[in-house]
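Note that the chains take the letters A, B, C and D in the order they are written out, and that residue 1 is the start of every chain.
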Amino acid sequence: MFIYHVRTAWLSLARNAGINLLTVFSLAVGLSLVAITVLSVFGLHTAVKEWTSGFGMVAYLAEGLPTKGQEALRDRLSREPGIRSVELVSAEDALRELEGALGKEMLQGLEANPLPASIRIFLSPGNLDVARVKELAGRLAGMDGIVEVEYGQKWVERMAVAARQFGLAGSALGLSLGIGIIFILSNTIKILFYRRAQEIDILKLLGATQGFIRAPFLIEGVFFGILSGGVAALGTFLARNWVSGKFGFVIETPWPLQFTEPLIVLVGAVLGLAGSFIALGRIRL
Amino acid sequence: MFIYHVRTAWLSLARNAGINLLTVFSLAVGLSLVAITVLSVFGLHTAVKEWTSGFGMVAYLAEGLPTKGQEALRDRLSREPGIRSVELVSAEDALRELEGALGKEMLQGLEANPLPASIRIFLSPGNLDVARVKELAGRLAGMDGIVEVEYGQKWVERMAVAARQFGLAGSALGLSLGIGIIFILSNTIKILFYRRAQEIDILKLLGATQGFIRAPFLIEGVFFGILSGGVAALGTFLARNWVSGKFGFVIETPWPLQFTEPLIVLVGAVLGLAGSFIALGRIRL
Amino acid sequence: MIAFDTVTKTYDGNKAIAGVSFEIQKGEMAFLTGPSGSGKTTLLRLVYREEVADQGRIVVAGWDLNKLDSTSIPFLRRNVGVVFQDFKLLPDRTVRDNVELTLRIQGIADDEARERVTSTLRLVGLRHKTDAYPPHLSGGEQQRVVIARAIIGNPAVLLADEPTGNLDPDTAKGIMDVFRTVHSRGGTILIATHDPNLYEHSGCRIFRLQEGKLLA
Amino acid sequence: MIAFDTVTKTYDGNKAIAGVSFEIQKGEMAFLTGPSGSGKTTLLRLVYREEVADQGRIVVAGWDLNKLDSTSIPFLRRNVGVVFQDFKLLPDRTVRDNVELTLRIQGIADDEARERVTSTLRLVGLRHKTDAYPPHLSGGEQQRVVIARAIIGNPAVLLADEPTGNLDPDTAKGIMDVFRTVHSRGGTILIATHDPNLYEHSGCRIFRLQEGKLLA
């Protein structure tokens, strides 16, 4: 019986190939848009993260700490989680840099080097929310041999706020786009099936049960979903490859979103099934 | 005759109120998504601009320039286009700031103040592309009494690149969403009209011309467009007001996009007309 | 097999069927006639429960339609073969698929279904149109597809609504022979028709409707 | 008014019309008969150019259909009223709107159209169904709506395809009277039918089709 229904569904699709292809195309575009939107939201997150990952901290070291101690501290910090790399700046280097910045003459009057040695810390990308940076800074400041930790607090906070706002706005937008488009797509299926009220009526009069009437429609819906999901998956795959090839930009997505393409097909199938189920409504015999 | 066609179109809409309302709703959601997407793209631009507008420059003044001259320069700069506000920092203030930053003891050895007076410049929002900032910096540096202009070149460039990339990506995404959704919507109309092939055939056999057959469909299409455009315009209006009320964030849009709501209705009407026109295709008599 | 007891059916305030009572025995063949709009089709629709009576009681093949719950309706209908006046063929399925539908709905399997379709189509003279689609058939050919679909399931009750309206006298005679064969196998048959040639000299009972009422 | 010259029409390799020649004069009323599937409907379709002949020449009301460009087709059809075998009513327009359509297509204005619809519906006995929708009509009522739609425009040529297949003998007689009235006003009429009662003793010419060929 199942084979009969599949065959019926397939013949129905084939007999009205024109409008059905158009529908598949419509669904495929819609699913692609959903996928692109979702990927863009995560892309935005990734981009913001990467972009803010250039920021770092400076830990000022205690006066009189011997070079050995400085280096030990440097090695210790470089093993801290969340820290990408560290750079030890001796007091002499610091003075040289200041001289370079202000002009040598300006600092001629200095008798002793007033500047402390420091360790420059570059954070790992993805560690740039304010709370973590603060926490890290506090922890470092409590270490023996470290006098003070400077981390451009204003900057970090500003970035973090901006990143959060962009991220929130992007997510909200992505969510409404996704829901909206899926609503439109399930309506498309409903509108497509609407004209077949007559077919349903005839089947009812011949003594068909709800299940018998529904089966080919549901199968058609799944066909629609898988076909258009496949097209959309192909499109998304190509687009994603193009972006990452051209810009070297790989979007980080949480589980299970890294399986974007199979997911699109799945979403398509579920959408097709649900869409036709809703389209059929309760068939009154 | 026109009245006859309008009446026919209206009756047809009313007779199938259910599916037609669903279609209107679908179109309205789609148009809203397009509007929201377009507004978001401009919102992104606005946000990036505002956010980057906190950056500025510092112009270091020539040693020995009298206070009068410094103030004249400050006033002159404040009248420069592209500059939002300026702040004169005397050599003494600068030293005090440096002392505050490095600790008083460190600079104790200084006999004379090595620091120059300077003018801090805050740029107008929307003046933050690299070329403009560079050009302004160059122009200021050439002025009498100004020795050097510092403007955190790396920062500005970075911001500008980021802003441009976000803007480009946003625009590309917005464009493809807009086109995609409009494609889906015109297909929706096509699918809706598909089931009426029989109606068209009957009219042909009764001797109706192409124009006579098309007229009520086109009118229906425009009805659809205006109705759903109206719903979408209302939704967009409310959403926009909510956003600007809640976040005090007013999106800058170029002409004619500030007339968002009437435009949505217009786009809806054009879409409905074009959609039904395409849906009808060339009617072979 | 079919029993109406003072049945009334009203459309928009007009009585299409007005207090009709009659009984058709199992294995009986009867005719229903009357002017256009007198309620013949409505009466038949009440039998297979496309319409529900406003008043009165209808019993078909042992089912009391007033007490029928909606999940039983399909099973009632499988016992009632109907030749619809307006055909009700599925335009985008072949003649074979249309006729086979009756069997498929009853869950009859592939091989048996195929054979029965072929022989039934031969019976109505449409063997050569097996793979055609209804819109490509002549009026009379479509009508015979509907007849084939109605009889293929060996229904306990066969209702035929103007089954020869699009048939020439010779073909009509052939179809009446088919009905008589079904009847001779024990089928209960009710035929609504305008054509006196069908029922005159048939020896069957004739019900005459006039404005929804059964004439004595 | 209608002239066929060795016309052939093939569907999927089968000749539905095979070398048919005949001529019907202006103001003539004639009948077309033949078994189910013999090509009657196809012949009529060729007249109003729903179908195009594969071979041969057809002239209708002065239009040579071989030379007709597609923009002229609507104007040909306005001169040909057709009672379609399968009705072709618009299900979601009222009886009035369906019948009025013929006039609207010809650009006839509101007031005149209303009046003519009312009187034509009275003619076919459906005045009381003016505001009903076709799916709510009986088979014979629908058929009469189609007849009203075909005659309301006073077409030069009237084609009727099995126009009484769903009508009881009395109503059928009434419709034939309507056709005779149209004929007496100078209309050319061709009626395809299976019912010998319609054409016997009518004194009209009778064309008999058999497998697409005209019998002598």
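Here are some notes:
Keep this in mind: a contact is a pair of C-beta atoms (placed from the backbone, for glycine too) under 8 Å apart; a residue touches a chain by one contact, two chains touch by 3 or more.
Fair warning: this is a prediction, and the values are worked out from it, not measured in the lab.
Spacing of subunit A relative to subunit C, judged by their CA centroids, is 62 angstrom.
For the pair subunit B and subunit C, the distance between mean C-alpha positions equals 67 Å. The set of subunit D residues that touch two or more partner chains is empty.
Taken as a graph of touching chains, this assembly is arranged as a ring, one closed cycle with exactly two partners per chain. Every pair of chains meeting the touch criterion is listed here: A-B, A-C, B-D, C-D. Of all residues in subunit B, only 1, 4, 8, 11-12, 15-16, 199, 201-209, 212, 284-285 touch subunit D in the complex they form.
Note for the complex: subunit D touches subunit B at residues 48, 50, 70-71, 73-78, 80, 82, 84, 88-90, 92-93, 97, 101-102, 104-107, 110, 149.
Listed in rising order, the residues of subunit A touching subunit B in the complex are 19, 22-23, 25-26, 29-30, 32-33, 36-37, 40, 43, 47, 51, 54, 102-103, 105-107, 109-112, 114-115, 158, 162, 165-166, 169, 173, 176-177, 180-181, 183-185, 187-188, 190-192, 194-195. Taken together, the subunit D residues at the contact with subunit C in this complex read 11, 33-37, 40-41, 85-86, 136-141, 143-144, 161-162, 165-172, 194, 196.
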